[in-house]
Structure formats: C-alpha cells, structure tokens
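There's a structure below that I have some questions on.
A, B and C are the chain letters, set down in written order, and residue numbers restart from 1 in every chain.
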C-alpha cells in the first residue's frame, strides 16, 4: 500500500498560549515495500509526522491518502491495523505477564480466532528473533529484548507499513545492529518500513529513500546517495570519509552503507 | 565497558553503598561505603542513565541545591554554589524552569550540576548518554570532558568513541574484570570487542577492516586511504 | 517541545500581586482561619459577606475571574448534589412546594443553601491559596508550620518531601500516561466503545504499565536521592527562605476578621 501526505499542517493546542506549529505543509509518500528513513533533530516534527501516517494524530489541515483514498474515510481500526506504529521506548507499554500474551494482544483485539492469534504471535516473534523468549515474563528480559517484544506486538497485526519511531534509542550498539537486521528482514518480506531516527549512521545502513525534516518541514528528500552527497553536513561517517577521498580520487563512486564503503575503498586501494 | 548484565551498574552501586558486597571490601577515599555511606557520598557524585528519574525538585535550581541541603550547607553558600554549578553546565537562565519542560540532554546537565555543586572528588557516570539524542549527548560529553584532570571520573558506556580519551579502559563481562587496556589497543583488538559485544565506531572499524592502523576522524582515515593509493600506484604524495 | 510545555504545575497562576507576595505560612493560616470561621457562620447574609470579601481578594490577586471560576468547577457537582440531598430528605418546617412525591420543606431549603455556600466558600478560599502560591512554597510552608509537631514524632519533613516529589512527577506521569494510551491505541485498544465493564477492562493495558513504570521511577529516584546524600530531615538546611514580615501579620489579621464579620451578621 502507498501512503501519501498532501500539504499536512499540524498545530498543537491551537488558539491557546501553548500553540505550537509542529508540521508546516509536509508532502511526502511511503511507497510499497520500501524503507523510508525520516531524519531530523529534536523538535523537527518527525515524531508528529509519524503519528499522522495512521491518523493517530489528525492533520490540522491537509490530507493523508491511502492508495489514493482519503484515509479519514477508512475505519480507524482498519487503518491502525494496516499501518503499525511503534513509538519511542515502546517497551514502556508492555503489560501482559508473558511475552507471547503481550504480542497476542493486538491480533486478539482484531477479533481473530485462537489459532490465527497463535500463528501470528509465533510469526512475529520469529521475525524479531525472540521465539525462544515467548514464555518468559516481559520484566525478565534485557532492554534490547523488551524492545523487540514490543515491536513484535505491533508486527503481529501484519501491517503493510510498519512505522518505527527511534527504534534503537537507549540500546547498546550491539542490540542496535540486531534491530537494523530486523528492518532488513521486514523489507525482504515485503513490509514497508518507515524508520524515524536522529542517527544518520543507522539510517544510512538500511534506507532506500530519505526524508530530512527541519523545523516541521521537509528540507531534503531522495535516495540516501542524493541526500547525503548533496549536503555533506547531513552525511553519516561513511559518506564523510568517502566524500573526502573522492576529492582526490573521483573514481571512488558514492557509497553510503558501511559494506558499500568498505568495498569501494578496498577496490580503490587494491587497484 | 562490557555487555548488558555484565556487572557494570552493580559495580557503580557498590562504590557508593547503594549495594552491599556479599564478600570483599570497597574503599573510596579511605572510607567504606557500607559503614560510612555519608562520608563516601559527600565525595562521590553519581550520574545515572535516566535523568528523568533522578531529578527531585520541581524547579531546576531547587534540584541543584538538593545535595547541598542534604549536607547542611548554609543558605548563603548554597546560593553561590548553585549559581556557579548551573553556570558551569551552561544552563544559566534555566533556574526557574521545570524539569519536565527540558530536553533529555538539558535534564542530564541539570543532574550533573547537582553533583558538581557538592564538589565531589570522584564522578561515577553510569551510561549518562544512552538515553540522549546526538546533540544532547555531545553537550553532556563536552561538560564531562571539561572536568578531566580536576576530578577522578569512572565512565560506564556502550559507546567506544566516548572513551577514546580515557587513561584506562576496564572490560567487565559475566561479573568479572576481563581486560584492562588502553582505548587504542581495545579498538584494534577485534576478538576482544566481539567477545564482549562491543561495536567500534565507524572510523576505527573501517580503518581496521582496511588494515590502515589507528585513525580517529573521517579526515584522518581519508588521508590514510589516499596515501595507500598513491604508494600503490607509485605516484607522488601531494 | 511538548505541547503545554512551560505551563505552571497544577493550579498556580503566576502573577505579580500582593497576595502572591505573601509568605505561604500566612496564607495557609489565613485559609485555616477562614475554614474554622465558616463553620461558625450561621446566616445566608454572613456567607454572602464572606463571599464578597473573597471576591475582593480574587480581584486583588490578579487571577482572572474566568480562570478562578474554572478552579471551582470540579466541586460544582458535589455542591449541587449535597444541596439536592438536603432538599429531598429534610422534612422539618413548612412545605414550601411539592412536586409529585417530592416535597421541599423550609428547613431543607435553608440547610441546602447553607451547605452549598459553605462548601463553595471553603473551596474558593483553598483555590485562592493554590492559585497565588507556587506549589513548592506551599510544601515549604506546610513543613514549617508542622515542624513544632516533630517533637511528637510527626513526620513534617517527610510529608513536605512527599509533596515536593509528587509535584515534580505529576507532569511526568501525565505525559507517560498519554504515551501509553497512544501506544495501546495503535495496537487496537479501544477506550471509547462498549459498556462500563468493557471500558474498565480496556484500561488494564494502560494502568498496568503505568503502575510498573511508576514503581521503576520510584526505585531510581530513591537511588538518586540516596546517592546525593539524602538521609531524612536531620541536619538538613533549606535552599528556600521563608520570611514572615509585618504585611504577612496584617494580612492574617484581616483574614481572621472576614469570618468574624460573617458570624456577627
């Protein structure tokens, strides 16, 4: 499915002293099967943007379209099932005694039968690589495992688009790497992923396309290669190294991810 | 450094009497944290992972004063030290702000100011940047870096790049001290990193994978790559 | 920035007025005097006199009347309910009017009016206190007033510390509740449909993590407080200074005179 935002504005507490304009005319789309990275600093509006993708927040003005139809026309439960939204620190919302019961919550809310619930729960735990933790109490897991259990809880709805808001915040680098592996796996299985993050290095590793937010508006959009090489101030470490080398060795190409960068630099040195 | 659940946080808590050792002894500036916790806590400040849950008072200046109130410092001196501590973390003008209106990085700096006001000899930092975004992290690290040489700092972190300037790095895993190394050596020791679930920062990792010795900045690394290219092609080094 | 950031905690309305400038202890004692006095007032005229005095004070406090009325709104229901209860069940005096099985007696009407006015004025006095006193000064004031009771092992410091911590964490927990509600809504939880039991059940996925989270915060806060040398009120100094001056004493005297006037009427 394809989600597009057309000139979306969002104002918090309009008409009061606390009025804050969080989005200023954002237009962008999430294409089927892609990983879209949304980057930007604190207060850039990226989390507000994420909550518009399934209308958990409604635009003050502008439209959200799902496959060309106004999303407001869809049933709320239907939209939330098709666009799974995982907030920052989602493990704070774990509530069931065991991992599998927590993951089963969403499919149960959808009104599925016990077999379908079980099947979806097992599948989601499998994708997140925590099938062996199914029966463990949620509180007994490490931070990284809790994070994955919480993501499984949304994935169990089988959303066509999964929105992850800062999914690696607060995790150690090793758990971060594992989570990025999960994002790659989801794309292979055909789920679109929207990855909201302030960490350029991590977005560079997995995104097909990027959207850079600043002050509630889209500042740049395109493939990681276009965005990063177009504006080096936004670039991750790998691109900064490669761009510096290209100044003297233009034959290097424009690698973005770690593996691409390593491969191109090796080729350059080797021959 | 070391993997989660390896014992890092337990160690920090043993050092100021929040936990009691089953056996063995701890001494901080000659005091036992179990029998004389107050003496130890006067001399040590702990910065925890989540600043949200460490701030006690509903206003910044009252929170910074909390440690001083506990020590029974007279009010006039308290005022001076609170103002000084808030300035030293770059938050002048924030005195009357409420913690819940601050960013994560700002909250952590308020917590740091609260420790500095007490003028401790030792700072124990328990992953103080792990919950912060990049700018917040940079700002907190800058303030901590400024304390170097004036205080003893024990810094627990998952981010190897935060320890590049450390004098010594201790690796803890499975409740044991498994290594004591210089940061440069640790970065180059792929086996030690892997065993302890440590991920080196991008630049040293690329340098190691390319067999290029130690590099710190992207510019260093790019220079090293180009030198290697020119050596290989026999061209002159520009 | 989160929506509503920078907003004052609770009911405090920041302004530069003579009432705001008073020592919190003077204001707490004044409200206490008013409360006691209101129980002695025994005529509608008396209540109205006290009410007029309070209205003047609201004017002095520079709290906009609309904001002040909003503070009173939550108790309006209670006031209405108690008044109705009095009218319906007190069967003394003459019957003033009847409606089907329902009869209103004169004594019931009188009691209802007294009770409604009394509750309303009590709440108004308390609202004036919280609107003009920053919460932290309020807890300092309470600690100070209760400190003579420390001799009888009354935990005055602990109570004030609990108030301070509650003030600090109310916005945090409020924000956390909001986030958890959003997160569960994204997983298909529905808080708006179904009967009462279903709605209460729908709250379980919110209340459980909120409670667990609050306990985790409490643990971490206790560690942070201990590591910062906290060991109770003993040997502690205070950052904030309270000073009881001439104007505070004057204000207190005036506050005592208000219900006295009411009683005499």
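The rule we apply is simple: a contact is a pair of C-beta atoms (placed from the backbone, for glycine too) under 8 Å apart; a residue touches a chain by one contact, two chains touch by 3 or more.
Every value quoted in this text rests on a predicted model; they were computed, and no experiment measured them.
Note on connectivity: the fewest chain-to-chain touch steps from subunit A to subunit C number 1. Of the two chain pairs examined here, B-C and A-B, it is B-C that is joined by more C-beta pairs in contact.
For subunit A, the chain whose average C-alpha position is most distant is C.
Separating the CA-averaged centres of subunit B and subunit C is a span of 43 Å. The centroid of the Cα atoms in subunit A and the matching centroid in subunit B are 29 Å apart.
Across the assembly, subunit C contributes residues 1, 5-6 that each touch 2 or more other chains.
Chain contact summary for the complex, subunit B toward subunit A: residues 3-5, 103, 130-131, 133-136, 158-159, 197-199, 201-203, 205-206, 209-210, 218-219, 221-223, 225-226, 228-229, 232, 238. Residue ranges of subunit A in contact with subunit C, taken from their complex: 12-13, 18, 20, 43, 51, 54, 56, 77, 80-81, 84-87, 90, 92-95, 105-106, 109-110, 139, 153-154, 157. Within the complex formed with subunit C, the subunit B residues making contact are 13, 16-18, 37-38, 41-42, 44-46, 48, 50, 52-59, 61-62, 65-75, 78-79, 82, 98-101, 111, 114-115, 118.
Residue ranges of subunit C in contact with subunit A, taken from their complex: 1, 3-7, 176, 179-180, 182-190, 204-206, 208-209, 212-213.
Within the complex formed with subunit B, the residues of subunit A that make contact are 41-42, 142-144, 169-177, 198-199, 201, 236-238, 240-241, 244-245, 248-249, 258, 261-262, 265-266, 268-270.
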